[in-house]
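Pasting the structures in now, so scroll down.
Shared between the two complexes below is subunit A, which has subunit B as its partner in the first and subunit C in the second.
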Partner chain A sequence: MTVTTQKGDAIKTGLARPDRSQWDRLGPLSAILSFRWILVAFVLILWFVYYPIIDNFVVSTKNQDIFTGETSFVGLDNYRRLQGDPVVWTAIVNNTLYAVISVVFQVFGAFVLAALIEGLSEERWRRFWRAVYFVPSAISITVTGLLFYFIYQPDIGLLDSALTHIGLSDWSRAWLGEEQTAIYAIIAMSQWQGFGYSTLLFAIAIQKIPRELYDAAIMDGAGIWRRLWNITFPLTREMTGLMVIVTITGAFQVFNEVMVMTGGGPNNSSQVLGTWLYQQGFIENDFGYGAAIASVIFVITLMTGFAQLWYTKRRRVEL
Partner chain B sequence: MNGARHAPEAERTDFLAVLAKVCLVTFLTSLGIVVLYPLLWMALNGFKTNAEIFGNPFALPSGFGVANYISAWNQGIRNYIATSVIVTVGSAICTVLISAWTAYGLTRSKLPGKPFFVGIVLGGLMLSPTVAVIPLVRMMQDLGLYNTYWALIILYTAFRIPFTTFLIRAYMLGLPRDLDEAAIMDGASERQIFWKVTLPLCKPILVSCVILHVLFAWNEYLFAMIFTSGADLQTLPVGLTSIMAKHGTNYAVVFAAMTLSALPIVITFFAAQRFFIRGLAEGIGK
Partner chain C sequence: MKATMFLSTTSLSSLIAAALLMGSVGAGSAAEPAVADPDAKVDYSGTISVLTKFGLQQLSPFFTDAAKQYEKLHPGVKVELIQESDDSVKGKTKALVASNSLPDVYFTWTGSWGENFVRGKRAVDLTPVIGPDTEWGKTLAPAAVSAFQYGGKLYGIPLYLDAKFMGYNKSLFKKAGVAEPKTFEDLLSACAALKKSGVTPVSFGNKEGWPGVHYAGQLLAYNVPQATLEKDFVPATAEYTDPGYVASLKQFKQIVDECSDGSGTNGASYASALQQFSNGKSAMYYQEIIEFDQATADGALKREDFGFFKLPVPKDAKGDVKAIEGAPEGYMINTASKNIPLAIDFMRFVTSAENGKVLSAPPYGQPSATVGGYSADSMNPAVVDGLKVIADSSYLMPWLDTANPPRVAAAWLSGLQALVGGSMTPDEVMERVKEAAASSK
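So, the complex of A and B:
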């Protein structure tokens, strides 16, 4: 190499070749060395995420006492017990109600709301409403759960007082204290908290639709509902599908709000699978039975999880 | 194209448009009140006396003295915030760093059998904490980590790695490879490329991942409740329920405590809204 006027050139031609071959010479060694990148993550995932879930099935075939540590193998007894446990069925019904109502409000309701917001002419206001509706989603469920616990109280709460003000005092009741209304009151809180989150996601999806499509539709005389149905809805279908799956998965893992607001009561009427698992596994110390309930949640979330992966794969083709 | 437009027709369309606009704004405003009023009520109740709380719930407090807030702060909120900060920051750093390493290994390194390892990481997305919680109690007790910060930091990290890796990996796949190639040409090692080239390029997604993790860890309840029992080790969500149990009759203090726990995350949201929204957009699937 002669000394060139441009230093950069000299470095490139002078150094690149020998180093490149050195890199290649490492060959299989560098492939093995590459494991170090994923090692920590895989130790953590396999140890604390995968293993406990396998172990959960083992635990569910045993009856053990957390204090004495006595363990006896009982086979599928805990699963047979599930079938005859009326609270498990109440819980499954409640989780399903949770899923259905959340899909209505947090997917379809949020979709319409997002379309309305994105239809506003000023960006300032679009941003304002998206942010306002999102606020409850940033706050922890424990806080919002406690807040609504108070809102539903007959003595100090907002709801009964508001009903009285508008002349509907007949409707007022101890919302969380009655078996017929407790789970619906909890689900209503959850809609209040969660709809802004999905509205924001739909708004992002709607922003990606080219404006020209709407302009063309307006030229053709399509009204707002026609545009919503024929343009916005089909072009955000991927997002809608994904949100349906995510919402259903979430509905079967519900725990926090029920725990904070009613603890599953009154008389187990608002139990969901998560709280019943906690009740059996940690309050009654019946680990085996708790693990069997966990298996039910596992099967349900695994199915919805596969659906989600399938959908995500379709959405992000490059993956 | 539309020729002569009849004046009355145009007026009618204008009228309908205005009416629609009024309806829309009324609807959005009412919904906004339904969303924000309960939160305002919570903060206002923190200023009331107990007697006032049992009065008209729509009334304003008689004064804005912060006695209840100070009392809530001293009755535990201070400690709970400290624990929440330790656990949130600790697990956020661990999660994002480890996930970035993993994503790098799964996209850029010479790791053989990448699809297999990617499958294991993505599979972790489908496993929920609820299902693992019973075996984890025994495991944490055996490890001597039960009732320590480490239990929460490790679990938050392990359970969020799949999701965070998934996000960073998707971002890395979209990065051009020219810079890597150039760095290899210049004799950089994989380690140097990761720290000097790839990681700085991933900054936007890393910020989003940190924010999503903070949102998760700050608000997490199940693990926090089960793996910590002492008052010194409780995070905010669990601590709040203890305050509720201990001072359940002193509603005003409970309201002040709730407001104090909600405040940091709401402020973070408004301060970092842009990153928040991008993070959520990237992270659809929670």
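So, the complex of A and C:
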């Protein structure tokens, strides 16, 4: 095992990587032989993933009437239209809110919770709490949407009833029916559902940290927060980086939650890029414009992914 | 948010690209206009596919049973059904059109929705077989058949008639000492009295947007002259400047504020509002005649307690006060169908008087467009009475969201949600509609 410090110093720990010399001796033949195993998967990925992405850019430069099949080339008009579309900006703000709140709860919140659970001394309690937090993630989004639809019902819903019981009846409102609260209500539901999933992933990452490091830190007099900051956090940095990427890209791809809960309303206040894309393509027959929105989502998520990978690679700590 | 999603945006964009790819392939063999041949011999073999709007659990057996009976009559035929709900049928149809996989027979509304298929040469001209002087045409309500007329030709097969009424709970009205409202002002007074008696006067769920559009549609028919409305439905001539539009929206807002739960209704679904009414928690519910049986199906509201009236006419209305919002709904035959005579024959079977009676009676309660296709003895009396009101109406005001082009329809939907929520005034909503109409020209 090798521990690489931030300065790049490597410490050998005795565990060697697998010997690749046999493969190396085969030279280029090895590469060809290896390639055949992934050929089918490679063709499928090209056809079903990369080709649609490229074709989507092509479609975004056209206007097409799906009923007549007539197509006209419009160049970058659909992208110019994006700039002046107020709903697109509402959607970008909503997606960004989704991303920021999700990173706070599902990355940093989940990290702290996972550390607390893994810090419990008895395994049965660790298992119990992991299960408790993971259960919401096992429920389908449609069921969750319906469940929260009833929780958010004005006056008779669980949330408003609870607020009334604790003397905060002034706070009760139609959470999904008001433009100011609809998107926050959806984001809150999403945190409830995704929190446990992230916690479980962090718990797995924390379990991989050698116990001796904590024991040594305890002997040196490090407290719980010190251990969390100086051991747990650096050694789960890769998982944290991955979770940030997954969470941010997920936030810009969000669709089902919004569709089930509000359909983007009221008055487009809870539209996100995914639902606005759907509205333009499948409701307003404007597939070219829908494809332009899809391209924006693709660029945002791709850039987020690259930025985060670059950052994580720079700060990698290996065991 | 979960890391994995059921339908991600990437999937959506792939879907769009895939649909358009297939569409562009099909565009090379663009649909050719087709005219039904009344003398064509029907080849009773092979498969016909049918896209219906009867996906709801209580409605789906109608087509399933009809298909089984047809298959029994013609053993060489297999009927494949794609049953969608009212909310999903639009998206499903567009996906099928984009991928050139429209079934042999498919559901359609009247207005600009149906016109899309005619424009795209995807609907068979049925005039020679369904025209007023034809054998089949004589068995169908003429007004219902002509609702699918485009460019002087008939393209649709009407299955049932539909119109919007205010359903009410007679017991709750009696308890509150309220009579059936005759004028718009009576309606508002009734709401005040019902509120005092402790019930929600009108259950209204506007999460989908179109329930609000339905109120507005009826009020527009009352306040805006028919000729102006029909001119404004066409993008090339649309102006939306008649003062009746703003007046209608003000009246709609009054209903929302004084009769319903107000701005919160944007968060409630149409179905949950129906449930509220069925369970006796609200006194009124603005509904389609095809939903009369659902309202009294299994809730606290009994059939004998159910009453209905047309949305009352506001004072000084300048439009057609005898108009009612509604339209027949029906089916078209795909020009690309490999067996057009068989598809037509299947729909002739579905629209037979015998099947019409089944369709009109509970549990379906969809008033058949077939002459003699219903029997008052087996039907909900309210549906029978509703049909009389439709027959007495001078104009069938089409649904705003299917009469207008998609962009204008979307402006109505979001604008009325904003009006309900209080973030836009009637004038601002009309500005949005005008802008959408201008960009649709």
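The rule we apply is simple: the second predicted complex is superposed on the first by the 260 of 319 C-alpha atoms of A that agree within 3 Å, B and C clash if a C-alpha of one lies under 4 Å from a C-alpha of the other, contacts with A are read in each partner's own complex, and residues count from 1 in each chain.
To be clear about the criterion, a contact is a pair of C-beta atoms (placed from the backbone, for glycine too) under 8 Å apart; a residue touches a chain by one contact, two chains touch by 3 or more.
Note that the structure is predicted; figures quoted are calculated from it, not measured.
A.B. asks: Quick check on the superposed pair: does A:52 touch subunit B, subunit C, both, or neither? Answer first, second, both or neither.
C.D. replies: both
A.B. asks: Mind working out whether A:241 is in touch with subunit B, subunit C, both or neither, as first, second, both or neither?
C.D. replies: The answer is neither, since A:241 touches no partner chain.
A.B. asks: Taking the superposition on A as described, I'd like to know which of subunit B and subunit C A:294 touches: first, second, both or neither.
C.D. replies: A:294 contacts both subunit B and subunit C.
A.B. asks: Using the touch definition from the top, say if A:194 reaches subunit B (first), subunit C (second), both or neither.
C.D. replies: second
A.B. asks: In this superposed model, does subunit C or subunit B come into contact with more residues of subunit A?
C.D. replies: More residues of subunit A are touched by B.
A.B. asks: Is A:173 touching anything from subunit B or subunit C once the two structures are fitted on A? First, second, both or neither.
C.D. replies: A:173 sits against subunit C, while subunit B stays out of touch.
A.B. asks: Regarding the shared-chain residue A:309, is it in contact with subunit B (first), subunit C (second), both, or neither?
C.D. replies: first
A.B. asks: Let me test your reading of the model: by the given contact rule, A:135 touches which partner, first (subunit B), second (subunit C), both or neither?
C.D. replies: Once the two structures are laid over each other on A, A:135 reaches subunit B alone.
A.B. asks: One more residue to check, A:281. First (subunit B), second (subunit C), both or neither?
C.D. replies: both
A.B. asks: Per the contact definition in the header, classify A:31: touching subunit B only (first), subunit C only (second), both, or neither.
C.D. replies: After superposition on chain A, A:31 lies in contact with subunit B alone.
A.B. asks: Looking at subunit A, which of its residues have contacts with both subunit B and subunit C?
C.D. replies: Shared contact residues on subunit A: 48-49, 52-53, 55-56, 59, 66, 140-141, 155, 197, 246, 250, 253, 255-256, 273-274, 277, 281-282, 287, 290-291, 294-295, 297-298.
A.B. asks: For subunit A, which residues are in contact with subunit C within the complex?
C.D. replies: Within the complex, subunit A touches subunit C at residues 48-49, 52-53, 55-56, 59, 64-71, 98, 102, 106, 137, 140-141, 149, 152-155, 173-179, 182, 190-191, 193-194, 197-198, 246-247, 250-257, 262-263, 265-268, 273-274, 277-279, 281-287, 290-291, 294-295, 297-298.
A.B. asks: Quick one: which bits of subunit A touch subunit B in the complex? Just the residue numbers, please.
C.D. replies: Listed in rising order, the residues are 11-12, 15-16, 19-20, 22-23, 30-31, 33-38, 40-42, 44-53, 55-56, 59, 66, 113, 116-117, 120, 129-136, 138-143, 146-148, 150-151, 155-158, 161-162, 165, 192, 196-197, 200-201, 204, 224, 239, 242-243, 246, 249-250, 253, 255-256, 259-260, 273-274, 277, 281-282, 287, 290-291, 294-295, 297-298, 301-302, 305-306, 308-309, 312, 316, 318-319.
A.B. asks: For a test of understanding, state which residues of subunit B touch subunit A in their complex under the given definition.
C.D. replies: Of all residues in subunit B, those touching subunit A are 20, 24, 27-28, 31-32, 34-39, 41-42, 45, 53-54, 56-58, 98-99, 101-102, 104-106, 109-112, 117, 120-128, 130-137, 139, 154-155, 157-159, 161-162, 165, 170, 173-174, 184-187, 190, 194, 215, 218-219, 221-222, 225-226, 236-238, 240-241, 244, 251, 254-255, 258, 261-262, 265-266, 268-270, 273, 276-277, 280-281, 284-286.
A.B. asks: Please give the residue numbers of subunit C that touch subunit A in the complex, ascending.
C.D. replies: 1-3, 5-10, 12-14, 16-21, 23-24, 26-27, 30, 90-91, 94-95, 97-98, 116-117, 119-122, 206-209, 261, 263-269, 272, 406-407, 410, 414-415, 417-418, 420-421, 423-424
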